[in-house]
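Input: one structure, supplied below.
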């Protein structure tokens, strides 16, 4: 394992300190926690519903990189690939609440769901209005009891809700909007190389030099099949076919497209892939009104990318386009 | 070689199309060129000195990702690691000129310097006011006839000049300011793994599993020594010592710090490294008033990072902090 | 059978030791069908439990259970933290509102796991040890051999909850790590009761 | 000796072929002390020169030189594009302003390379072929064996300009790729003159 780190056990606290210091005063860390929260002037002066997200670390810039004016109020950073604990989440909720309540944005993993649920109950016992939504955009596994995983689409949910919250939506409106966005957000990912979890020290699974894995999660979970590497164009067609099958879209629908790098795949490849995706969508007569490319929801140093489509409703494109002040968007 | 691409010869044109489409209308491509230029409303309405940069591709988001309101006016994308040609640079200059003249920001490689010089002469022959500055921030090679290379510090030069140009500085003022910034910008980089140039198909040089290369360039040039991998803290001390030796700083000086990822190194490691850098600077009583972290000036899929320090003059910190509308900043 | 503060204290002291001894085994079980951290997670938790036990000498049973619950909730994280935490929290509430009958207590803990994890018996989780142990206690059949049988039975199940469920059928043939850490917990209880 | 439009056309036609034949060799030379693309770069350029030659049948010498220069400038990129381009552009200007004496023309080309590249004889670049060839022409000593000698002499030099200069002493022992492509150019000229 070749990484620029110190002690494995200190990765998360040192990283969180780095994030806060990289923000030039826009973020601060709650004492004795790995919670990162807005510290900009508007946060002091403009009251809105708080948006709190979080989860295991290793997906940077998600979530701490999306804390800031127009997006999240706070993010809770767990150990690498491990849900944070309810006391930390509760601390974030308390600081994020400006009297208008707090919405929790949770990726669908049992650990995350349960820890956020407990924190919600604890906060409600403290008379704070808290609701939560569960992001489950990954279409690679069939819908089961456990439900689908929350992956790259999470960042678009955070962006849309961030803009809506800034605009003054209530907690109930945000919860409803969030659920609508989730219902219309679908993601599928591929890996060229698995990530190396620092505590493990080697890639989570092995792929031959000409192989890719279809349908990976963001915690080194293998996907549904291992195939020969294809051209960007073929990959785009393959992923699009699977994703579009999840929507019942008609000709007037408008879509947002997110190409998300997994950590070690350069922008060069992501832009080429986007170009093929848009080419194919145009061929099929599907209208795209928002695009985004970059390493937004990563899996440590995994090579690969994911494709997300959102079927847009009224005003969402505007929410996606509005400027924000964060490290990562 | 495992890359998400189509034909090797089509990488740059397909990537440029992707970049433009990812901009949601903020950028456009000049017909029959690989020139990316501002397309936002302000560009039509607010007159200023044009800022044009460019060079070989493979350093994304540099330079096209820094075109936009408050930063570059246009970027010229050459073949991978190959300077663009003067006719393309000339096309960019002509479109970027709003009657106030154009400043060229050139990284110090003989190909880039000569092609930009020729374009400058051609533009001057067309009665366009054009000046240029040469960025040479890399301290890894001793100052020779050829001069030092231009590396990650380039993005800070572009940021400062972008803000100054927006604020209304003249061509002469920008040229002078640019030179001052360059004189106060020093960078040193390390690699954990070399990049794979698509036309070559394998990493540019080999490093053992516990080795790093000190002093690499951004085109797979080897550095000045190959050493055992150390902790982030030791690395930070090592790079800082070399960089600080290039400044004659006194206690009242203020610095900007840039930690730049080379392409395949996750943000996690970059933030940890920043944390160590700032810790060490604080120990030495050196004041930092601006920090930035991310994959800004990459070397395709190289693993590694570089550290840049800028000794700040009046107003530069403000220029660095101001918001811009670009894909990459 | 009644659980007393004294018994409970001894029980958790033993459990701290047991997790320290079995950490690697729990990680190994979790490597096979999860993400390999169940031992590490539980160890973080019981180290905090140890601190609590040292400070809580005079607490009543309900408070003791609550403090242990909070220790686990605030240090374990992942899936097992909130599950063990909820079980113990619900046991603490039960003591306060009803009685301290062991069979009733473990049954309330199992119900807490069910509620928190949205899981059922047969989903191949820790519940597949907690629920039968609660039943055994009610029927005076709580013993070492039955306990081991409940654990072993998880091997044949296909996981429906937690990370192992992503593996579908490939989860069959492996013990569930959370069931193992629960078996360790009840093994400690047996030792305390039999002293 | 005068350069005519006809001679120049034949010269560049031969050069197109020569680069096509030597592309891989040029890449190999550039791999040793540069970035391995000199053959690829030059090929992109001469393919455009070929197009120009096909369209420019009636041009005068100055125009022909200018068109070839533009072809190279707009297609080669890297370091060699502007250097060859400047050399030919300066030759075109020289014809327009003075005469078409071959020795004067090549001397003006060499001066262009010097100016554009800020380089001197002995820096291990293409100039180390251009300058001696210009001198040979002035002294009536322009022949195949002298030409080859100029190229071979670049092996002993330490690079002071271009990417090879980053290698310092390690550049010694290798031919300079730009010197080789220049040797090919003047070898074509010799062939045309000797017909």
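Points worth noting:
In order of appearance the chains are A, B, C and D, and numbering begins at 1 in each one.
Going forward, a residue touches a chain if its C-beta (ideal position, glycine included) is under 8 Å from a C-beta of that chain, and two chains touch if they have at least 3 such contacts.
These are the chains along with the protein names UniProt gives them: A, B = Dihydroxyacetone kinase subunit DhaK; C, D = phosphoenolpyruvate--glycerone phosphotransferase.
Please read all numbers here as calculations on a predicted model, not as lab measurements.
Here the spacing of chain B and chain C, counted between their Cα centres, is 55 Å. Between the Cα centres of chain C and chain D there is a gap of 81 Å.
Taking each chain's centre as the average of its CA atoms, chain A and chain C sit 32 Å apart. Inter-chain centre distance (chain A to chain B, centres taken as mean C-alpha positions): 28 Å. Touching two or more other chains at once is no residue of chain A. The residues of chain D never reach two or more other chains; the list is empty.
Chain contacts in this assembly form an open path, with each chain touching only its neighbours along a single line.
Chains touching one another, given as pairs, are A-B, A-C, B-D. Put simply, chain C touches chain A in their complex at residues 35-37, 40-41, 70, 73-79, 81-83, 85-86, 116-117, 123, 160-163, 165-166. Per the touch definition, chain A reaches chain B in the complex via residues 2-6, 11, 14-19, 21-22, 24, 57-58, 60-61, 65, 192-193, 209-210, 212, 229, 231-233, 235, 259, 263-276, 278, 290-293, 295, 298, 300-301, 303, 305, 321, 323, 325, 327.
For chain B in complex with chain D, the residues that touch the partner chain are 78-79, 81-88, 109-111, 114-115, 117-118, 141, 144-146, 199-200, 217, 219-221.
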